[in-house]
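Labels for the chains are A, B, C and D, by order of writing; each one numbers its residues from 1.
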Amino acid sequence: MLNFVDSVQEAVARIKDGSTVMIGGFGNAGQPFELIDALMDCGATDLTVVNNNAGQGDQGLALLIKEGRVRKMICSFPRQSDSWHFDAKYKAGEIELELVPQGNLAERIRAAGAGIGGFFTPTGYGTMLAEGKETRIIDGRGQVFETPIHADVALIKALKADGKGNLVYRKTARNFGPIMAAAAKHTIVQVSEVVPTGALDPENIVTPGIYVNTIVRVAGSTAEKVA
Amino acid sequence: MLNFVDSVQEAVARIKDGSTVMIGGFGNAGQPFELIDALMDCGATDLTVVNNNAGQGDQGLALLIKEGRVRKMICSFPRQSDSWHFDAKYKAGEIELELVPQGNLAERIRAAGAGIGGFFTPTGYGTMLAEGKETRIIDGRGQVFETPIHADVALIKALKADGKGNLVYRKTARNFGPIMAAAAKHTIVQVSEVVPTGALDPENIVTPGIYVNTIVRVAGSTAEKVA
Amino acid sequence: MSTATSIQTSATPLGRDDLARLVARDIAPGSFVNLGIGQPTLVSNYLTEEQNITLHTENGMLGMGPEAKGDEIDGDLINAGKIPVTELPGAAYFHHADSFAIMRGGHLDICVLGAFQVSATGDLANWHTGAPGAIPAVGGAMDLATGAKDVFVMMTLLTREGASKIVEACTYPLTGVGCVTRVYTDKAVFLTGPDGVTVRETFGCTLEELQELVPVPLKAATAS
Amino acid sequence: MSTATSIQTSATPLGRDDLARLVARDIAPGSFVNLGIGQPTLVSNYLTEEQNITLHTENGMLGMGPEAKGDEIDGDLINAGKIPVTELPGAAYFHHADSFAIMRGGHLDICVLGAFQVSATGDLANWHTGAPGAIPAVGGAMDLATGAKDVFVMMTLLTREGASKIVEACTYPLTGVGCVTRVYTDKAVFLTGPDGVTVRETFGCTLEELQELVPVPLKAATAS
């Protein structure tokens, strides 16, 4: 069932301790900052977080990590110039890291949404990121078996939603949103605008409403420039 | 390299005997009828054809089959009220059939385009279509190992192309087009209209030009109603 | 076995339209549903606007509307049975892999399918008679059977020859294993699953009379 | 070993910009290309309009334009290095799985990457020093290395300590096995593959002088 709620607090209220939470975004583009802040405030802890990175600076995911609310990160690129909170927790042995090549991360999330039990990919074959994993040679290429990444909750950002929960995104802020929406049991979306059902062209919908559970409007939450 | 050609004959001229040819369409929607007719005329034989069906009536793919040009069909639904040419060849033992559940067909085509070496799916588990295939239990569900379907050539139909080969489709005529374009070494597209580069909104492109090799305009080739 | 009269909800067997109305009534508001080709398509005639049901068609659409008539007919807008249909406000189009990802990923709440046979544990046979020389054709049946959260079957309880289509084990080739959760027939509604067959209601017969027709043990649903 | 002078094409080692210009010149017209973060990004400065190259960025775009300046800066339009960029006519956006399907499916003609080391058979090490306590971060490096039809590496030939980055076997953790086809360095262009290392041209040194620096056997390219 689709719900439109009035606040980000209400939107994240159902997130429980121990949940696996996917968070959209690549860099700042598509990051649902307001939803992450609400997750910080709601108190849920012992989280497994799936994101491309592991937080930057002193905001959002970085703060969640700093406060010890994240038990495990599944990501492709944790180390950045300003990932000091993750770095500190990691070096202290206080956070678990599952490092995944970015394409495997995307494909594993996609597999969860599409009902795929696992797949073979050449990416990572012969590297330390394939250690301990099943491998086989297919058509002469070494390949690694990768499994789907499911989540209890996804927090994503889109540009617009209609009354059916259909979503469109904006430029490279689309990134992980569509595949995370499909991979999570409950998908929470912050949008800049809610438009009437029928206002989005059916040819151009990126995420159909079947993948969306909770929508909250956050004014001015995209980087969209005023025309 | 992207080529715009002036005729469907020129578009299909490179198809060789023994090729695997994907043909888009579901029912009449999205069938590239003119390209199939040109394939008929160009004489290529000993083909493996990938399509959802196995030809209908006395046109297109059905004629290719009637003329003995198709060695093997890979499809989900060959038997229809008017699939008499396929039926006759099949009963005479003159055509090979690989019957694939429609979702496995789509996912195997998608896997080829996405560089996936194979995947496990619950679809077909415990049925005669899984006989002889590798299976395993994943998260308590029986699953079957399925492999990618690659093609030498794809023949598909789209609504519009721009100068970069970017494509948009129309309604349910989209069906197999985008995944076949990605799975074939050489993708040939018939479009109703070629528009200037920049005339398609980058947010709404369904098949990026990287997947397109040859484009031919065929006037009035979609079922689009005149507004 | 509890007394049968408590679950007899109709004095006569149900016709196809009454059965379709019953299935429609049982679909929870807001559901995403795929209706199979043939008898299941009738269900769409009885869905109400208040139910806010979204119909999926596996050839690439959510938000499918009723069959197209006259000027509405558009060759680019068809359903999985290749019948021209219409689009409702809020519809969305997508390609075949994305469409089957919706089905296979477990996102459809319900699919409604016809069947040759359903076993006591919910195995489904609905795609192939297995007769020698028959040309097999599976389409999306296995994906629907395996992917939807709930698989409802609509069929007559008996074949023309009078044999029960609810069986101990399917003799026709399987579509899916243990996938059917509910069977709507002219004579009764059955719930199937790992624990066997429960009768939710009967139409024009008692549970005892029904048991005479069906070769697997039937339990009556406990009043809830 | 053939005479070295035949392949020396420059009297001095190449600077970063000259090297970027050379890589740009070597990219076939109409190619689809991904330029890695850092030195490879310089290549875009030397691509000509006539070459009609389409740039891919793995965070979801084909048709990426130059870095955005001033009013062009839009937080929703960044490249894989998280730098604001622009969009060219004919650009297309897609989600992350579709974007990596382009890379992993073998659709990119060329990717250009930096490297710590490249082995004689084209193994690549460019993501992780493997130093104790170092936090690993891989991003899209393994997907690019494995997926593109041709993987070009751009790097200085020697480390600051004077060690060759072209090695018999990588000592740093691998990014991909046997994936590099060409290595552009300040001192030479190398072709790598199953048959070992061929030198296409040298800059400011003879093949013999180059061989002094590199611990794997070098062959000169035969004139074509």
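Here is the rule we use: a residue touches a chain if its C-beta (ideal position, glycine included) is under 8 Å from a C-beta of that chain, and two chains touch if they have at least 3 such contacts.
None of the values given here were measured: they were computed from a predicted structure.
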Contact-graph separation of chain A and chain D, given in steps at minimum: 1
Chain pair, B-D or B-C, that carries the greater number of C-beta contacts: B-C
Rounded Å distance between chain A and chain B, as computed from the means of their C-alpha atoms: 33
Centre-to-centre distance between chain C and chain A (centres being mean Cα positions), rounded to whole Å: 35
Distance from chain C to chain B - Cα centre to Cα centre, in angstrom: 30
Multi-partner residues of chain B (each touching 2 or more other chains): 107, 114-116, 121-122, 169-171, 202-203
Multi-partner residues of chain C (each touching 2 or more other chains): 61, 87, 93-94, 97, 100-101, 103-104, 147
Category of the chain touch graph - line, ring, star, complete, other: other
Contact pairs between chains, per stated definition: A-B, A-C, A-D, B-C, B-D
Chain A-facing residues of chain B, complex: 107, 111, 114-122, 136, 138-139, 141, 143, 147, 168-171, 201-204
Residue ranges of chain C in contact with chain B within the complex: 57-61, 74-79, 82, 87, 93-97, 99-101, 103-104, 123, 128, 133, 135-143, 146-147, 173-177
Touching residues on chain A, where the partner in the complex is chain C: 1-2, 112-116, 162-164, 166, 182, 197-198, 200, 202-203, 205, 208-211
List of chain B residues in touch with chain C within their complex: 26-30, 76-80, 86-87, 90-91, 97, 99-104, 106-107, 109-110, 121-129, 142, 169-179, 206, 222-225
Chain A-touching residues of chain C, taken from the complex the two chains share: 29-30, 32, 54, 56, 61-63, 87, 89-94, 97, 100-108, 147
